[in-house]
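What follows is a single structure, and I will ask about it in a moment.
All chains are identified by letter, namely A, B, C and D, in their written order; residue positions are counted from 1 within each chain.
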Amino acid sequence: MRLFSWWIRRALGAAATLVGVSILVFLALRAMPGGFAETILGPFASEEQQRELAQRYGLDDSALAQYWLWLQAALGGDFGTSMISQEPVADELSSRLPVTGQLAVMAVLAAVFIGVPLGVLTAVRARADGGGTVGRLLSGLGVSLPEFVLGSIVVFLFSRYALGLSVGGYVPFGDDPAANLRAMILPAAVLSVFAISATARTTRDAVLNVLVEPYVTAAVARGESPAFIIRHHILRNAAAPVVVLITTITAYLLGGAIIVEYLFNLPGIGSYVVQAVGRRDYAVVQAGVLLAAAVFIVLNVVADLLVGLIDPRLGVTATGRQT
Amino acid sequence: MNPFLVVDNLAVDYEAPDRRVRALDGVDLTVEPGETVGIVGESGSGKSTLGSAVGRLLPQNAQSVAGTMSVDGEEVFGLSIGGMRRLRRERLGFIFQDPIGSLDPTKRVGAQLKLALRGRGSAPDVARHLERVKLPDPRRVARAYPHQLSGGMAQRVAIAIAMASEPELLVADEPTAALDSQVRDDVLSVVFTLAAEAGSGILWLSHDLAAVGRRCARVAVMYGGRVVEDGPAAEVLARPAHPYTDALAGSAPAAAAPGERLQPVPGRPPVLTGPSPGCAFADRCRFAVQRCAVERPRPVRVRTQDVLCHRAAELAESGALAAHAPPPSRMAPVPVPVGEETT
Amino acid sequence: MVAAFGSMANLGGDPAELAGARLQPPSPEHWLGTDHLGRSLVPRLLEGVGVTLLLSSIAVLATAVLSTALGILAGYAGGALNDLVMRLVELLYAFPSIVLAILVAAVVGPGRPAAMAAIVLVTIPLMTRLVRAASAAVSQRDYVTSAIVSGVRLPKILVRHVLPNVSGTIAVQGTYALSVGILVEGGLSFLGLGVQPPQASLGVLIQEGGVYMVAAPWLIIAPGVVLILAILSINVVGDGLRDRFEPRETRSLR
Amino acid sequence: MSGEDGHPGGDVGAGPPVLELDEVSVVFSSGLFRREHVHAMRDVSLRIEPGETLGVVGESGSGKTTTGMVALGLQRPTSGAVRFEGVPGVAKRRRGLAGSIQVVLQHPQWSLDPRMRVGDSVAEPFGAATHRTRNEGDVERDRRVGAATHRTRDVGAAEAVRVMLEEVGLEPSFAERYPHELSGGQRQRVAIARALITRPRFVVFDEAVSALDVSVQAQILNLIKDLQAEFGFSALFISHDLGAVRYVAHRIAVMRHGEVVETAETETFYANPSHEYSRQLLEAL
């Protein structure tokens, strides 16, 4: 019963956030230079197009009514028309989604399969006197390497010297998987550095917190081996913050992908949005931002779902004095 | 029969960034197979460190700096990692203070018990082990997560897990301190009954002199990292031979008769940074003489007790230490007749 | 500190001066070489570091003030105020940092105000969450309860008891926020949406260097390394502060 | 309010009870649609006479801590009335009552602000109380708070702190120390000094000695008894430790599942507890 009502609250909260995000995005849209019509249609729209828009979004109506119409359109997948291509933004986004998605998935996989073991290892090996310093420095360096620096350097090295991989030359995975992976591995690697390091750091913290729990001491006292204790008692108990981080990172990767796609010239959503900002193609920016925020909110709910499955105690946090 | 546990002049230090704290300052103790021993001490007396040291479960910043400790002839601090693990697995058992915390929150009780049975446990086995600790409806308990249990139930589960391997010595570190007084007795009965059935010895660490005296055959009182008095429970309680034991018994409010004023021990327990130069209790002791502050006392025999006090023999003779009401008989909870005072 | 970063921009000569030939490699005269307009990179880099740090510190200072106020109030009061603040924070948190920064730049228009606003909006949710949690914990402590019972006024309780006891969290998170701020400024300027040339910032320099990467790699390596070192050293300071304010036990599994 | 005889006997009936709880219930609800209700207190009626210590015992979850919070005005009753010196409501009169009601809580490590010197911690309630005195020009309170208000406030506070530290058995030099330099027992002494510096008429001790070592616990229990004899405050002494409650309280209330199952004079309780549950508690002692 408690669980059920907790879930309903969580879902309502996520929905509220999503509405809040859409209001923010809508307000931003209206605040932009050129106004609403230009933002949606671009500056070169015909009179007829403008009339049609005014009718469709009720530009003479109250702001609330306009928001409602805009929201309905957005929910129906209508994000307006790109100023540059004069194509509907939604079509362009959906054709570019696979590239960004693939990048994010590759980076997340790296975070899970490299970052998590690294974090567990450095935590279990950590000592009071600071023996884990090397691992800590490495992961500290990793989170300090921004994509635009690391990416620039990688692009430079691989385009100047023959290092076996080339920059650019994106091919859809369905057309030629090998060529696709060759083109994607460098950008994904650049994107992964932060994800791996952040995951390793969070995992390390989480495992260190679990290591001092009485049930771990109890397991040691029963004569269990470290491998046994890690497998049966530590991994699951340390998983919750790592799951939350990885979902957060997935959303962050959508942001990082913007820079990586821009650098490696990949036809993903990120490079599309950056170009759009440069050309003041605002309808595209709006759609991209809304999409990223929506993905993040959905991922957050997924993370909560997973955490609920991992830890049967649903988190009750301290909320100040109730006097 | 050889003693199962022999602690000889054991000293353990904790290394903090800015200082070194001595937790054990030369502990002597022996526990015979199957013997029930209560270690009584206040916080900082070193009893928990001693309990952890038995299983070499000390925190990383602790190290033994002197003395030896052997379990059935095997030197604990000299064992290989594998040897130590085997010792813990096959011969030692532990119960801790925080019952719910010592169970894995993400695993059902049955699954945890099964792990402790090392995969040999079928569902009926699990139920049988839960039944032995007098848990009602064992099947339902097996399906529960630890946070769904009360403290008393969780501690029973922890006992079932610890006793599953029938250890030769069960170390119980304040196993009832976090429980309501109502369930304490029941939980202790379970521990002592199971241990008696399995022939396990018990090392029960507690701050409650009277409670320990009711259950254990022997009581060792710790102060300042040493065992200052060690003897049969009834004797130690009724006729303490060390001034600290006497003071401790006199300061428990539960023992005070109506209108009687408590006799607190002045000052506070010491924090040692190295070996104590004399008796650690000297500056709180109303019998202290100059010698007490500068010379470490050696064990002396007073009646049935081994005592670390320069003036023990003299005090025993003069009757300066109060005689306390005799403890109620051991093992059974004592029915209190209406209208009579409790101790 | 702010003044120091500000004056740093004026050290090492005039960054706009066309000091030599274009795209020259490092030499005794120009230690880090010259850029595509023939400007020496040393003064440019100093200006860039100064601008980036100045901008980020001011923004993080604003964040610290706002987050501390919001976090302490929400953490102490709990209830409806807490829910409201946390809902707002979650709303901002829902935007990935660079996405939020781009949105800000799109609305405000590219430039320094956009970069600062973006840093504030990106760091506020991170910091407010943790200050709130710390403040909620402190508010439950016995000394706060006894101060309330004694009739001590609320503002005094917040300033004398809660604030000093969450200051460790504020220091740690402020440090991390500074490194996030530098990242956001760098990323935004790199995309051409933050600081605008000819003014230098680390992001601007890296972006310019990227264009001439093949011909003049030193142009990107120097600012890149400086940026990485800046973030790394700030993070190390943050880790150190955290170890001090939130010390942690370690255990072995053996 | 006589302090000399140290027992409430002479005072009972001299004025209205210091604190009265009249059929107080507290219900906590949770859940969104099907709300679950937990009765932390169920029709609890208690009365504390001037100079009297009422002990409250019970297991965890029996509602004894909630009772303390209600008495302090930190928890609003769902139903029922709370009267302090005959006048209803405590929370709303907090400023007016500043210094009249104090509390000593459980955790020695959190009883004092770790960032404040001991002297400042002890002086804090004094400041709040003298402030009030000035605002309202309450001559009677002036006298009670001490000569301090006649001088400048800081000098007065420093002197009051010195006197109070002495009362709880600590040297004046402790005022300069920080809490982390003190032992648990010393911190509880400071917490008591802090509570008594305003000469309160009513003090709640919520598990105030539970976290202390046995040998130190006795010191604090004696200190509480002695100070009560000296200052004559009324007290609510809440503890799960029947031994401690029995030692300091004049009367004892036994709580279980949010209800008071028995209230009796301590001597009667020692000799002849009437409720079955009280007998069980005594046995477990």
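The rule is short, and it goes like this: a residue touches a chain if its C-beta (ideal position, glycine included) is under 8 Å from a C-beta of that chain, and two chains touch if they have at least 3 such contacts.
Only a predicted model underlies this, so the values are computations on that prediction, with no experimental measurement involved.
Trainee: What chains touch chain B and also chain C?
Mentor: In this structure, the chains that contact chain C and also chain B are A, D.
Trainee: Return the chain pair with more inter-chain C-beta contacts, choosing between A-B and B-D.
Mentor: Here the pair linked by more C-beta pairs in contact is B-D.
Trainee: For chain A versus chain D, what separation do you get between their C-alpha means, in angstrom?
Mentor: Averaging C-alpha atoms per chain gives centres 53 Å apart.
Trainee: Starting from the mean Cα coordinates of chain B and chain D, work out the distance between those two points in Å.
Mentor: Centres of chain B and chain D (C-alpha means) sit 34 Å apart.
Trainee: Any idea how many Å lie between the Cα centroids of chain A and chain C?
Mentor: Those two chain centres are 20 Å apart.
Trainee: Quick check: what residues of chain D touch more than one other chain, meaning two or more?
Mentor: 74
Trainee: Mind pulling the residue numbers of chain C that touch at least two other chains?
Mentor: 148, 249-252, 254
Trainee: Among all residues of chain B, which ones touch two or more of the remaining chains?
Mentor: Answer for chain B, listing residues that touch two or more other chains: 59-60, 84.
Trainee: Looking at the complex, which residues from chain D come into contact with chain C?
Mentor: 72-74, 94-95, 97-99, 101-107, 110-116, 121, 124-125, 127-129, 132, 191, 194-195, 198, 204
Trainee: Of all residues in chain C, which touch chain A in the complex?
Mentor: My answer: residues 74-79, 82, 87, 90-91, 94-100, 102-103, 105-107, 109, 133, 135-137, 139-140, 144, 148, 179, 183, 186-187, 190-193, 203, 206-207, 209-210, 213-214, 217, 220-221, 224, 227-228, 231-232, 235-236, 239, 248-254.
Trainee: Give the list of chain B residues in touch with chain C in this complex.
Mentor: 59-60, 81, 84
Trainee: Please name which positions on chain B make contact with chain A in the complex.
Mentor: 55, 57, 59-61, 84-90, 92, 94, 96, 98, 101-107, 115-116, 145, 147, 158, 161-162, 165
Trainee: Name, in rising order, each residue of chain B that touches chain D in their complex.
Mentor: Residue list for chain B touching chain D: 42-44, 180-182, 184-185, 207-209, 247-248, 250-256, 258, 261-266, 268-269, 333-336, 338-339, 341-342.
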